[in-house]
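In order of appearance the chains are A, B, C, D and E, and numbering begins at 1 in each one.
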Amino acid sequence: MSVNDYISVFFIGVGVMFFIAGILGVLRFPDIYSRLHALTKADNLGLGFIILGLALGIGEISMALKLLFIWVVVIISSATSCYLIARAALRMGIVPWRKL
Amino acid sequence: MNINIFDLLLAPTLIFLAWQMLRARDLLVSIVLFIIFGVLVSLAWVQLQAPDIALVEAVIGSALTGALFLGCLGHMESHRKKIVIEKIKISKGSKVYDCFLSVLVISMGSILSWSVLTLPKNVLGLTDKIQSALAKSGVENPVTAVILNFRGYDTLLEMGVLFLVVVSVYALHAIEPVSIKIQPRQASRVLIAFLHILTPLMILVAFYLLLVGGHAPGGAFQAGAMLAGVGILMLVGGVAFSFNVERWVLRFIYVIGFGSFLLIGLGVMGGERNFLEYPEYLSKKLIFLIEFLATISISFILVTLFAGCSGFLNYGKSNSGTVRGVSA
Amino acid sequence: MSTAILYSITGIIIFTVGLRGLVIYTHFLRKVLAINVMGTGIFMFLIALANRNSNGMPDPIPHAMVLTGIVVAVSATAFILALVVRLHAATGHTSFEAIHNDDRGAKL
Amino acid sequence: MTQIIASHASVWTIMLPFLSGVLCFMAGRRIGTLIGVVTAFILTILTLNLGVSVFQSGPSRYAIGGWSSPLGIDIHLDGLSVLMLGFTAIVGTCISMYAFGYFKDRKGLKKEKNKHYAKMGTYFWPLWFFAWGGLNVLFLSSDIFNIYVALEIVSFSAIALVALKGSVDALLSATRYFFLTLLGSLVYLFGVGFLYSAYGVLDLGLLETVIRPGMISTVAITLMTLGLIIKTALFPIHFWLPPAHANAPAPVSAILSGLVVMGSFYLLVRLWFETFTGVIMPVAGQLLGVLGAIAILGGALQALRQSRLKMMLAYSTVAQIGYMFLLFPLLAGNSIGQGFAWGGGIYFSISHACAKAAAFMVAGSIMYALGHDRIKDFRGLAQRFPIGVFAFALAGMSLMGLPPSGGFIGKWMLLKAAMLTGQWWYALLIVAGSILAACYIFRVLEITLKAANPGEKALHIPLRMQLSSLAMSFFAILLGLAATIPLEILKIDSPVFFQSMEGFIK
Amino acid sequence: MIMSNWLPLFILMTSFLTGIAIFFLREENHSTRSFLNIFNAVLKIFLVGLLMWGVFNGHVYEFRFPLFLGFDIVLNADSLSLLFVCLSAILWLLTTIYAIGYLKGTSNQSRFFGFFSLCVSATTGIALAGNLFTLLVFYEFLTLTTYPLVVHKGTKEAVKAGRVYLMYTLLGGAVLFFAMVWLSSLAGPADFTERGILSSVATEYHPQIIIIFFLLILGFGVKAALVPLHGWLPKAMVAPAPVSALLHAVAVVKAGAFGIIRVVYDLYGIEFCQQLKILQGLAIMAAITIIYGSIRALFQDDLKRRLAYSTVSQVSYIILGVAAIGPIATIGGIVHLVHQGIMKITLFFCAGNLAEGMNISRISEMNGVGRHMPWTMGAFTIAALGMIGVPPMAGFISKWYLGMGALQSSQLWIVLVLLLSSLLNAAYFLPIIYAAWFKDSKEVSFQGLTTKWTQNRRYLLYPPLVTAGLTLLMGIFAGLPFSPLGWVKLITLREYGH
């Protein structure tokens, strides 16, 4: 394994950590809004790290660009969907959680 | 080919998901599990060296079908007349019946599995024959060659099924139209903006999939489903479509995929040349033409199907003939 | 045991899970889900066994069959969901049992 | 054996219905109806032509796309498939003519109601032609996966046709029909999967040469048979059929009971006695026979208890399906009996198609006129509506198996097969079933002969509907008089030893 | 001559096509309908005459239409079939004339006459059937065509009677169907030949052949109203009088008896029957029927019911004649087929006339009717005397030959049965005759004949007079070559071969 590979594995590891954190957030956070927060953060950053890691691992420019493209699309769509879910929740009358 | 750890994890997960999906108390959870199940199944396809199917599964089997379910559930939830608590399982003699059925199903499964073990280890199937005939088919991807050339007849009929179903859905809705009130949906600006980015992008992707279908995973169904995805997003986002089937343009779009395939098939026929037997010098072009037109039909049909099971198809009820603009 | 056998048996089990679900659960949507699960089981069986060639090349014929099968499945799903929506609009129910009971109640 | 022919007529018989289905959808109701009727006649001529060519030059194969099997899909033409095509065309033409009248505006009805019929008419034609096309694909295809797609086309169009009426009953029966028929298709597909995994071919002819007895074949055959039994509505899984057939509009009931049932039965016969001959165990045939026997008695008894005519006819279909399945145990006997069993089963299914289609058409006409189909209120119908009752009586003759009718010939041959193979209990059953059939047919007829209630209002039934049902029932009778022709066609490339058909123990 | 082979088909078609044509006539079109009916009936008689002449000169007519797999529809004119065809042709003409008068002013006439013609063509088909298969086809056809006639009135009672009729005949038909298929799997498509064909079947199948024989008898016995199977006949009396006449004299009952004759003589062969020892059972069944029918007839007050039970008993004379082995008994049995037909149809015509003319349907109301309707009662008397067997009526001839035949084959018990039944016949017919002519009506004074009767008198009266006349003539001129007796002797000669 070369240095490149180690770096790649490292980034992927970081990405996975983000995902795990995200999942923990979804499971443990008290209401839908905060869960969404955890999810999207994890999603965007975690995926970003993973893609970075993969791109380094492949080491091919065209492939790396494709992966980057995927990341961008995912970020846009997850942002949109997160927004839509939150809006729908608000309209349904779900009140954000407050610490008592 | 030997098993790796990933397969050993994936296979039980799939079974577990299928099980949980069906028995989840909340139907919404069931549907979400179904979508996840679909995504994981497409991973299994990748593991099984079937990237074409992985793509179709992800786009159609998981996403689109999931959308259909969600649309249907959402529509029914929002139009419930009274709150009825329905039992999940059938009630007649439930316990005994369930036990009996489970025993039956388990024994059936074990017999089938047992017989799988008796299968010959190595059946070549038609791989070699396909490889040798590939050159004459006009495409390089063996799956595409099978779908559009060797077994083009099946695909023609499959297009026929899609067309048939869209006609059926219209038939269902045209007769004694259900009084479904569609609440004016306020489209969110964010979604509209998103669609503005996404739509050209998806058209591009679809076209890419269509083009690449000749030599790599991709093709009309995948491309059509991509476009349909955009359409569905538009639909739920509040961009109103006209599903007035009395307009001939719409009918023409539904028909064009199946109809052109049929006509091309009949057109090349004559003399020594059989039905669907493309002349070799034309086969690439004809296949592309068929796929292109099919993509258009498929995308519209799929959007209509979604509309049909989520209450958007109010044809025959009111003057929905006009296309409402984007209400931002 | 090879991947082919593993996944083909997985397919069979998924099919049986779906079959039981189809019979035992009442809600139409659950039944439709079950049908889809059954279909997936069959597809998995086909694809898994297409993949046991010694030359490492999977057999494209089952792939084509499954592609067709998936499209047919989605058509079927759309069709039945449209039916279910109509039935729900007409009766307010989403299962044979409920409609049947309702019917009986109306007669009594 | 079979030769490759360059004739494209068989392709046209398959593709023409699809083409005109598409055209009907494009053209809308008025022109669509015309297209439909014209297509029906063209198809009849085409299939007759095809029949003649098979009769003269024997069975043939046609490679679609120029890729012959195993790579591609073949169409195969032999006596059985041509016979099925031909009868589908004949029954289909009569149904088309009938539907031509049925969906027209009705004098004396409210505008709203007429609009309802108009809309049904709009969608009836494309759906019906897709069903027809699917059946033609099924009859001609030589590829088990292609047949699966054909089965789906037939089922989907059939379900849509059932739901066409839009009433709760119709929707409910369509939904039930959907779940069962889809279950059947999937189980069949699973069987296909097993066969392909074991033998690597999908073509019926090739399978016949490579298939070996063993676990895998047994499982595959069981699955495919199970799937097709569900679709054909044999006894334990018959419950979906009566509501579906009874709640549909009359032309649709005729299509379902006449043709769709015949389609899946055809396939089962084709698989069992051509492709799987070498690996079928006799006990399996006996099992199907027992189920058929229960269906005959149970279906007829249920039919006797019905108060609605269409429901009664639907249960009669259940019983008649039972008769068709007697083919399976009877064919397992000695070679003298085989020809009779084979011929009898097939003959029974085609004559049932004609007779039941005619009966449903009459039932539809009665509903058209009276607005209901309660049997007890049929008094005086024979006087007011003689053509219809006469057609019903003729169709009933075939259903009862009275001479001279197609049903009689079918029953005679089945009975003879039972005698020749020494399975006389089936013979008794056949006779008992006929008597029960007579009971439910005459139960209707005798009420129609009663003196009428004065002052009951009724719509005038268009002549077109009356005549097409009459023509259909005449056909059911004609089958009893001109049995030689179909039987000769059936002999072409038949899998069964037909030589000793005149035979008897000497 | 090839064309001449089509003659049997033409004869069948005259009545069949008439029936079909009449269905399409409008209800009010009385004159066309009557013309069509009578013209065809006359045409048929002419064609039958032609056929008869040919057969007498030894010509063989055979029309063969292959149906499926070796089973043919065969129409075959032999001497036995001619006898029956001839009877049905003549009686059809008479009954048609009678029915035209009888049904005047009622509804659904097209339907009635349509089925009426079809019914006669079915009978003709049975008569001309050249094999068991054809016989079965027309036998079932007869059931179907008579059913609408039985329920013609559309009343609750008629429908009920129709149901009983159907139940019996369809069950009989089913048994026949079963037996026939069984037989055909043993012996192939069984063409009728003189002296039978079944003797060639191997001995190991003889037990099966015997069972089949009784199944066949059971099947035909339903229509022939053999005793446990006769229940439908008295019930079917609710039908209009011409239908009863046809049912009893020509079509249904005779078809059953004719079927039995065919089975015994031309399918099994008399010698083979003897060899199997199966005729004794048949004879006993017939004897029981004869006695039972006569006794039941004694206790009926309803005239038509009494006649019905009389039919039950009289038809079994035919079967008795067949079962009592020997040429002379055979002559008696077969000739009774004709004689009983002529006499019974007269009686039913007269019963119908009484009902139409004076609204009388019970014997207790018949006191003194002879004075008001002398011609009708005259015909009735002649026929009734013939039934009893008083010489020189036709009935005497048949009974004489039956008795002689029984003596010849030394079966004394048959003679006893005949004597007993004649006594019973006398016991149930003579009181009617006596009452009609010699008793005074004690009831309310005579109201006069109905207008319907006076208007349609010629239609209703001539047919019974003609048949009564025939009863006399057949008795007196029995010795002539073309009399029924002469013809039957010819048949018997051919059956026994000496």
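Things worth noting here:
Basically, contacts are C-beta pairs under 8 Å (C-beta built on N, C-alpha and C of every residue); 3 or more make two chains touch, one makes a residue touch a chain.
Given the structure is predicted, the values throughout are model-derived calculations rather than measurements.
Counting only chains that touch, the fewest steps needed to get from subunit A to subunit E is 3. Note on connectivity: the fewest steps through touching chains from subunit B to subunit C is 1.
Annotation: B-D is the more contact-rich of the chain pairs D-E and B-D, by number of C-beta pairs in contact.
Distance between Cα centroids is largest for the pairing of subunit B with E. Here D is the chain whose Cα centre lies closest to the centre of all protein Cα atoms.
Using the mean of the Cα atoms as each chain's centre, the chain most removed from subunit C is E. Chain centres here are Cα averages; for subunit A and subunit D they lie 58 Å apart. Our note on geometry: subunit B versus subunit D, Cα centroid distance of 31 Å, whole angstroms. Our note on geometry: subunit C versus subunit E, Cα centroid distance of 67 Å, whole angstroms. Separating the centre of subunit A from that of subunit B, both taken as means of CA atoms, is a distance of 28 Å. Looking at subunit C, one finds that residues 8, 15, 19, 45, 49, 59, 61-62, 65, 68, 72, 75-76, 79, 83-84, 86, 90 touch two or more other chains. Taken residue by residue, subunit B touches two or more other chains at 112, 116, 119, 123-126, 130, 151, 154, 158, 161, 164-165, 168, 172, whereas all remaining positions touch fewer. Pairs of chains meeting the touch criterion: A-B, B-C, B-D, C-D, D-E. Residues of subunit D touching subunit B in their complex: 6, 8, 11, 15, 18-19, 22, 25-26, 28, 62-67, 70-73, 116, 119-120, 122-123, 126-127, 130, 133, 137, 145-146, 149-150, 152-153, 156-157, 159-160, 163-167, 194, 196-201, 214-216, 218-219.
In the complex of the two chains, the subunit C residues touching subunit D come out as 8, 15, 19, 22, 28, 31, 35, 38-39, 42, 45-46, 49, 59, 61-62, 65, 68-69, 72, 75-76, 79-80, 83-84, 86-87, 90-91, 96, 99.
Interface residues of subunit D, counted against subunit E in their complex, comprise 339-340, 343, 380, 382-383, 386, 390, 393, 397, 402-404, 409, 411-413, 415-416, 419-420, 427-428, 431-432, 434-435, 438, 442, 445-447, 449-451, 480-481, 483-484, 487, 501-506. The touching residues of subunit A, counted against subunit B in their complex, run 73, 76-77, 80, 83-84, 87. For subunit C in complex with subunit B, the residues that touch the partner chain are 1-10, 12-21, 23-27, 29-30, 32-34, 36-37, 40-41, 43-45, 47-68, 70-79, 81-86, 88-90, 92-95, 97-98.
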